[in-house]
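Below: one structure, written as structure tokens.
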């Protein structure tokens, strides 16, 4: 990686944005978490395991994960209608699929575990920040999980493979690839590519994503230990 | 939404019997609010934003200003569009989906409070009469519901509007020109909302928390501005006697200045802030 | 009240519009009523108590009141889309809340009482006329009620406190305040203020509303006694 | 909607056995309508309105005339938009919500009846070809459903159209000018609809009431105008033999003049009214 | 019928368009059929009898037929939105009513028989082609039926009574009348008139429709016998 | 939709144990597709169409080209709008109604595949920048679902686009003029999609049939174009190890040319066809 390439916001190619994480930020939810990555801000609540209505949607063998990824109308450059877009439906599905890999679902038959994500501010990488917050919120809810999932996007921007794209980079990027992993199991639970890469570039990018996820996982674990963490002394207050 | 009472009969009885003796389960005075916490400008992509906590009830309001068409009956005025979402994060009783009757009632009470007081100078937000005006989208997000989200929403709304900055603009022969500078939205008033509740046989309280809300059958909210004008009323649950109607209005008028002071302080309207 | 102030339609400030009421106007419904106040025309049907589907929406302790306030597309100045507006949703709720106060709901657990309101012509005061008709329709259905609810709007128009605003007055009014009461119990079951009043004006307006409700209550009682009533010999026929 | 038969097996058997002997449970002749009652112009805010009762079946139709865009395939014609609501007042079988298949079928049968006969002179309702035309909204409200709401709706529709008054207008160099005077909508024909029903083995009747509708398996409606032209047919329930098809058309053609006479009398088309 | 009148596509007034039919064209469905009449192309799948959800919509006495007539977005001259139009809702209903006459519904209480129609190309007569395909698909599914329903439209075009209108004729026609019959029982199970006819013209048109249905019924029967049939050696392949 | 596994435990076990020994229930090689059958131009009313069968999975894609507004961020480009319907004909698991999350995921994967490779030269489809552009509607219809509808949809989509003909047009001083002649849509690339699946403990296969899809917990799809560029990835079910990610990409890159050859042959891109 050409370490001399400097990104629009001054970061190095393999540098994460400032991260802030907190758990237990909501009172009513069974578990909750707040994550900031750069200007991207996400809050997540988890309810469950709880009885699922209507009952014919429940499974006699395992809990059902329901997930809603939703953007606040004021989170985007142009106001977003609160009605779910096709993008929000797709992201809800891939996040749900990722979370389903880590939860011991078979322990809670006939129930649902409901994960509600609200993107409060969107400056790139919202699905990855959401997954990071979901992991924390599941842990905060005391729901047994195999591993803390960690996620980050990598991409190709001006020919360079870079980590953790913000919105400005994302819009100009040749490729954007969000990745989520369960580090202790070496498992990839979310992988999407939006853009064009050669096989070689793909390998380079994927390796960088794994490194980024490891770094984020470390911060998640510290957050759970301290119940609150602020990296790099940002002035912004948490939500 | 509140058809199932999540509060037990025991808690309910205790809340009511304590109230009759003049005390509340969280030791507040009958006419005291829980601690109020305010954060303005959290959302940098919004034109304005404010998050208000009353106890653990938490509401985030965001303002986006766009361009759209005026209403045909007021072609020379900007548009205020208020929307409220009771997002399912906030309570096990809230479900995903379009706003239900409770969310719509919330949005409409806030909307009336702002509209009837002419809190925003909509006339100054006209670009081309009958064709293009600025549209002020106020989106209210209830994030944590421990009772009384209406008052928290009213506070977050006025604070988000006071926090709003738009590009300075001029209209030059029908052409809209922006300048570099950002200016505040023209906000002329600072109305607040006070919610009161009471058991069928007992005194009024303000700012019911969730257990109180679920235990007390009668509830009403009243908006009052800094001029002492009553600018919205909505009976929410139950009923009031004719005399009680005068009592709630009187309590609201006495309580409003305390909330308005918070608004003025947090928004920097008061020099001493 | 300045008795010399004369309103656009020639009424005095404290004067109701001509009222016409009838009950049992529909055959299929369990109870029904028709109310005209000036040009405002409302028809109401009540069904129930009846089994509620889906069952999980029923309450084991009491009947559930369901209420739909709906405006006919031809009832308004511009054609109204038949899809329920936010205003219709809110009004359905506050009317339902008011009616729930007067019905002995606890006598009919696991059932619903369904109240369907159609505004056939809207010339101001439609929610109050609706509540007046709902009271009559509930009584007509034989559903046990504590009291006949009566409703009327008061407002401030050109600086004057006036009773029972029509649409022309409503549009120009400084304030519009619908009030519904249960007269025998001295209870206010609907109270909304749309506009700006001083505390003094509020008192004056509210007192006027209570007087108006009492007058309407008298007419409702006469209507139930005679099953049909036409006040002030209007030529219009009932629906 | 009619999946549950609210009529008992006993009533059903009685209705059918009486029909086989040529009589009906309410003593009507097989080809007689129940009493028809008409009130025109009830809704002063509508451009036109009419309420029709056939027995205790009651339908209110209202007409509003607005301005909109023409259909792209007939750019020089006004638009007729027919909508029908089976509002839940009218029957325990009707539910709130958007029109279901039965309501849509009703609206489309009435729409075809009016459209195919060119009952409204839509060409005269063009303002600016391809851009602006008058739109005639006909909204049908079924208020009380005791059977045969189609015929009642057809009567209410044509009577509401005949009752409709619009501001006299002229087009002056593409400008729409209104005059003070109100003029009737240009209504050129008076089609009516006749609904027939029969048991699998028994004679046809017209105007089935609700118990008959629920008891008789076969039902069809036919629209006929004042020129004796058949202008819409819809088999509704069950089936007809090939011979019965000719029979129902023949009965409809013979019955139509009686209904058309009511339309003409109530709308003042006949001088003697 | 004036045999000298020649139609835009060269047909005689009483002449059907080329017909192609096939059954068992889909693997997952319990029964399926494909029908082409001229350029009109329709594919139908039947599922059932199968358990009906939600259960309160089932009947303890008979199977419930559910039918969806749906047009592919690319089937029409202008792209059609995939959301069901009012026309599609009405046609679904009348086709369902027709099919309900021929199925021995009483043999399958508490179940549904689901008929899914996709119009792949619409060049007039789509509801009739749909009914013809539904009949074949029901037979292919082994669902006991009283008779093979056959359908065709007749119309009045330039003053002439003609059979099996294509789209060009339909748009210019004075009347369009789809008819479906159960030939062995001499029963009419679908009859709609869209347009204006005298009583005399109606008789002439209806007689022509019955003849057309008889011809189509013969082709349906041959198709079921051979499981595949191509009339008049068209080059187009079946779907 | 796939919450209920319609495949029995027995079949599932058999599929997995055979795979571990390197064989499949339908005797295919692990990296072999089922027979692929293509029919282009079936729908004469569409601008382009193609039906692709992979085994008994059958997908029909149709293209309609219309005129609309460009997106505001690319005002000088035509619009590609991809929609997918899992119509209930195709499977007992598909229900009527608006596209669910599976249908939306399908449409978005295909959309990304075409968009990121710039497969359609959208710049050449601009009529009047910012105002009017050609809109290419690609509608994907899954007609029979025996597994792997994504790869079949990708093939049908690119073949339908290559089959698309539009009226030759010119822009003359902002005026759109059509000529008699029809010309192909400007399609610059031929991306295809390869779906792989594997049991938790066993080898990858391509083109899983429905029984395999329901038996194997892990599934991923990868789009590759004729230049060997990876242009979309979507992990569908389960998980992959880090090493397996490289393996699936490698398999996809090796498999793509076989599918691209079919596309080129069936669309006539290869002279020898």
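Letters are used for the chains, namely A, B, C, D, E and F, taken in the order the chains are written, and counting of residues starts over at 1 for each.
Throughout what follows, contacts are C-beta pairs under 8 Å (C-beta built on N, C-alpha and C of every residue); 3 or more make two chains touch, one makes a residue touch a chain.
This structure is a prediction, so every number in the text was calculated from the model and none was measured.
K.L.:
Looking at CA centres, what chain is most distant from chain E?
P.N.:
B
K.L.:
Would you identify the chain whose Cα-based centre sits farthest away from the centre of chain A?
P.N.:
D
K.L.:
At what distance in angstrom does the C-alpha mean of chain C lie from that of chain A?
P.N.:
Here the centre of chain C sits 51 Å away from the centre of chain A.
K.L.:
List the centre-to-centre spacing of chain A and chain B in whole Å, with centres computed as mean CA coordinates.
P.N.:
32
K.L.:
At what distance in angstrom does the C-alpha mean of chain F lie from that of chain A?
P.N.:
About 28 Å separates the centre of chain A from that of chain F.
K.L.:
Starting from the mean Cα coordinates of chain A and chain D, work out the distance between those two points in Å.
P.N.:
Between these chains, centre-to-centre, one finds 58 Å.
K.L.:
Multi-chain contacts only, two chains or more: what residues does chain C have there?
P.N.:
In chain C, nothing touches at least two other chains.
K.L.:
What part of chain B is in contact with chain A in the complex they form?
P.N.:
Answer in residue numbers: 39, 42-46, 49, 51, 56, 58, 60, 62-64, 66, 83, 85, 87-92, 96, 98, 137, 139, 141, 143-146.
K.L.:
For a test of understanding, state which residues of chain E touch chain D in their complex under the given definition.
P.N.:
Those residues of chain E that touch chain D are 57, 59, 64, 86-87, 89-90, 92-94, 97, 101, 175, 177, 181-182, 186-199, 202-203, 206, 210.
K.L.:
So in the complex, the part of chain F that touches chain A is made up of which residues?
P.N.:
My answer: residues 3, 99, 101-102, 104-105, 107-108, 112, 116-117, 220, 228-242, 244-246, 249-250, 253.
K.L.:
For the complex, give me every residue of chain C touching chain D.
P.N.:
It is residues 26-29, 32, 39, 41, 43-45, 47, 50, 68, 70, 72-79, 82-83, 114, 116, 118, 120-123, 236-237, 239 of chain C that touch chain D.
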